[in-house]
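Okay, so subunit A shows up in both of these, paired with subunit B first and subunit C after.
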Partner chain A sequence: MTDITDSARRLAIAYRGMVRAALANALAYRGRLAIWLLTSLFPLIMMVVWLNVVDEQGPAAGWTSSDFASYYVAAALVFQVTQSYLVWIWDDDLRNGTMSFKLLKPVGVFHQFLSQEIGIRLVTLAFLLPVVVVAALAIGDVQYAVGPARLALVALAILLGFLLSCTMAMSFALIGFWSTQSGNLYSLWWGAGAFLSGWIAPLELLPDALRSAATVLPFRSAVGFPLELLLGRLDSGDVAVGFAVTVGWLVGFAFVFGMGWRAALRRYQAVGG
Partner chain B sequence: MTDAAGLVNGTSPRRRYLRLLGIFWRNSVATEMEYRLNFVANAILSVFWLGWAAVGVGVYFRFADEVGGWTYPELLVVVGLFFTVNGVRQAMITPNLARMTEYIRMGTLDFLLTKPVDAQFMVSLRHVGVFNWLDPALGIVLAAVGLAASDRTPTAGGFASFLVLLVAGVVIMYAVALALMSASVWTVSSEGMDDVLQGMVETARLPVQLYRGVLQTLLTVGLPVAFLTTFPAEALLGRGDVHLLVVAPLIALATVAAATAIWRFALHSYSGASS
Partner chain C sequence: MTGIGTDCIIVDGLVKHFRIHRRAAGLGASLRGLVRRRYDVVRAVDDISFNIASGEVVGFLGPNGAGKTTTLKCLSGLLHPSAGRVRVLGHDPARRQPDFLGAITLVMGQRNQLFWDLPAMETFLVNQAIYRVPPTQFRAALERLVVLLDLGDLLDKQVRQLSLGERMRCELAAALLHEPQVLFLDEPTLGLDVAGQAAIRGFLASYANERGATILLTSHYMADVTALASRVVLIDGGTLRYDGSLADLVATHAPYRLVRITLDGKADAETLAPYGDVASIEGPEAVLRVPRESTRDVAGRLLAELPVVDVSIQDVPVEDIVREVFARD
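Then we have the complex of A and B:
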């Protein structure tokens, strides 16, 4: 028992150091950050079109202007959680040999990439938050069902969704050990998933078949689920199912990564990595 | 390979530049065709993203027959033209814009400035990205599908207007890219410049009427996004403003002239990599 708590503690200490380094690294690129901020506001463009629809036709499937505004303003922050370039960063490291250095470190490669992601996300969100707050005030009409218990649930959902998103991305990244197409395959996965996650449009606005499929697939966990939770559109049954699905897929992909990693290492060493 | 001296002497400048362009592009194609799997994979992804965009935009029309005065098939024309214009951006602008950092940091810009051809030509057109070769063609196909589905056949005049406006739009996009390249001479980096241009062009996925109020004005007058896809699409659909046929080429010429002036000014103040 002490062995596990010991290694858990050591991992936690390692994470603290790695995340701090990742934060410093990410901050070095703050010139580009301004531009990333612009692209992060893309959800607001989708929102404007929906507001047009509601203006001309009235509420869509019961969603009012206020609902759309609230959804997309929060989405500008939440979408950041799933949009990671992990697969391409990983692929780059494989091609230019940095992976060999990463393999020599005493901390697992998975944790190195995860802490790097945490650093990037924290910096991006820190810069994005004030912009989104200003946008929310400018748009007006933004309302959330915010009690402290619900906010805690939303935070938990976002955290678990982030972990799932990273584990899923890294499972795809493993393909890079065998093929040059890991990025393209991940793009296909993400693209198809965009319809089932709440990215293209809030899931309640999609046909029933897609909505049912989305409830059991991993895509909703980091996007639609926290947003619907924040907007107060889920009853406790839905919430429980949502968390169960997220945790289930997280465990599943962690397992896939674990198995795949062993095979990938063998291959990497076989071809002289 | 062609003899450089033969290129410089005894041929008119226009022929010379055209032959150079041919060489550059054959070179880029040959390099990128080395990676045949990537070539095919990118073609598949092009078709995927086109379908993705066409279906994604359709969600709005589950609740309305028209949004901002545009029906679904009409909107598809805009989406198709977006893929065409964006494809041109990715093929002809992105590879060159991305290399500006390298030119400046590595001193290659000094090297380019000594060549017997115009530096602006070299910096703008040296590389062409072949991976997105399919996008412009697919975009035209989608636009044609949208046209057919909206029961409109463009008149000869409408089609000619469309060509004029589309070319004007692409030229304006190039002018913005050139201005960004000039800026990178000052900032010694073109990192993020392509992101800026991409962000601007991405807003052309939808017709400018779907944005409202301030945003719409901004995208028509401030940043000329409306010229990229909205105006050419309207010409094809027979609902364009005739005055644009004069205004658009004028604006295209003006922006290119301004961008070229900025570029020349940037080169003037460029003191070379060794100083």
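Then we have the complex of A and C:
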């Protein structure tokens, strides 16, 4: 027990230092930060499209202007927190030899990448938040009738969604030890997932078959599930299913990563140095 | 600690093979490569064995592609050996246990661990957290490294704005802040000017001396090796060619010294032949290879019997001896 507490304490100290550096690193380039912010604003563009549709044709599948505005404003923030760039960072590190330095550190490579991602998320969020708040005030029809208990569940769903995204991305990143195509494969997977995550459109607007598929696939956990929870569109059964699916995939990908990682280390050729 | 006596590094029959995808140039070959790939097995390290005692500094020499870097990567746990046994501080490096990783460092001259866009100090602080260096120990280690490596003005400059020599000094500081017991140094002075090389060399000598660290060092600059190591391990083609003291290497492979003379007039091989093996002649200057034990006599005879303007006696450069060892097989 003492061993576990001690390891957790060590890891916490390491995380504090690593996240601090990741924050500084994320702030180092203004241009890169601007691109991250622009990508994060994509849901607001989708919102404008839907608001026009509702304006011209009336509510779509029961969704009013206010529903769409509330959904996409929150989507911009949630998606920003739960997406992951890890596959590309990992791929670069494998090609340029930085992976060797990560492997030489007495802290797991998984933790080093996760702290890097946390740094990027926190920095982008700090810049995105005021932009989204101003956008929400300008639209004027954004509202969330949510109590503290549900807010806590939303926060938990976002945290789990973030961890699932990172674990899934790192499982794909392991392909980089065998092939140079890990980034492209992940893009393909992510592209398929974008429709089923709720990023492009609320899942309620999808045909029944796709919506059922989305409920059991891992993509919804990072976007659609926390948003539907926030907007109060789920009953307690749906909430339980959402968390169960998220935790199930998280455990699954963690297992895949754990097994793959051992094989990857045996395979590693330490190129580029 | 496992192994015999105070051995800190044990390499026993180490083998490391790589499977390399081979492909001819051209579009046709690229297309064929999509369907059917040809692989070759490269035997980077092929059954080498040596032990290194705690506190020993060993020069690890060999031509490009000899297997030096591969061996260092096996010893630091980056590569899993194909066969054989490796132990460092009693650990199997491939298991990458935190205690092991916290006690070693690997410096690669042409690679850097520093955050490229941030000042070097940021990397130092991350390493402090990762290696759990207590604040007082961190400050003391940093102060010492700042003095020894002359880092004063460099700590708050962006790494990408540093010169190669400055970056290498920061790189060494980042690699040594946790005060490792075992240092694997792969070309730590590569690309540096003479002053830069001397600074790093001086620093490593004092680090080894103060800390009693075990160092395995590869370098293309023989001066690095002669300044730091008393023992050398020579490998070529993945196999061991020599393992012993530098002094023995010189005595065995160069049992002669060089007598360099300048004559008052043109030198010719025939006149000089009785004094030793003529290595070179250019105008009035000549170099003779003379057995070690008779160097003094020969120099005396040359001064007495020929119109000598200048004479000097030199050891054969270690570079030449090493080159000869590799050329012999």
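What we mean here is this: the second predicted complex is superposed on the first by the 263 of 273 C-alpha atoms of A that agree within 3 Å, B and C clash if a C-alpha of one lies under 4 Å from a C-alpha of the other, contacts with A are read in each partner's own complex, and residues count from 1 in each chain.
In this text, contacts are C-beta pairs under 8 Å (C-beta built on N, C-alpha and C of every residue); 3 or more make two chains touch, one makes a residue touch a chain.
These numbers were taken from a predicted model, which means no experiment stands behind them.
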Check the residue A:89 against both partner chains and state whether it touches subunit B (first), subunit C (second), both, or neither.
neither
Now for A:20: first (subunit B), second (subunit C), both, or neither, which partner does it touch?
second
Check whether A:105 is in contact with subunit B, with subunit C, with both or with neither, and answer first, second, both or neither.
second
After lining up the shared chain so the two structures overlap, which partner does A:122 touch, if you call subunit B first and subunit C second: first, second, both or neither?
neither
Between subunit B and subunit C, whom does A:268 touch in the aligned arrangement: first, second, both, or neither?
second
So in the complex, the part of subunit C that touches subunit A is made up of which residues?
18, 73, 76-80, 94, 96, 98-99, 101-102, 104-106, 108, 110-111, 113, 115, 117-118, 122-123, 125-126, 128-132
Hey, which residues of subunit A end up touching subunit B in the complex?
31-32, 34-36, 38-39, 42, 45, 48-53, 56-57, 60-61, 180-181, 184, 187-188, 191, 194-195, 200-201, 205-207
Across the complex, what residues on subunit A touch subunit C?
10, 13-14, 16-18, 20-21, 24-25, 28-29, 97-98, 100-101, 103-107, 265-266, 268-270, 272-273
Subunit B residues within the subunit A interface of the complex
35, 37-38, 41-42, 44-45, 48-49, 52, 55-56, 59-60, 62-64, 66-68, 189, 191-192, 195-196, 198-199, 202-203, 206, 210-212, 215
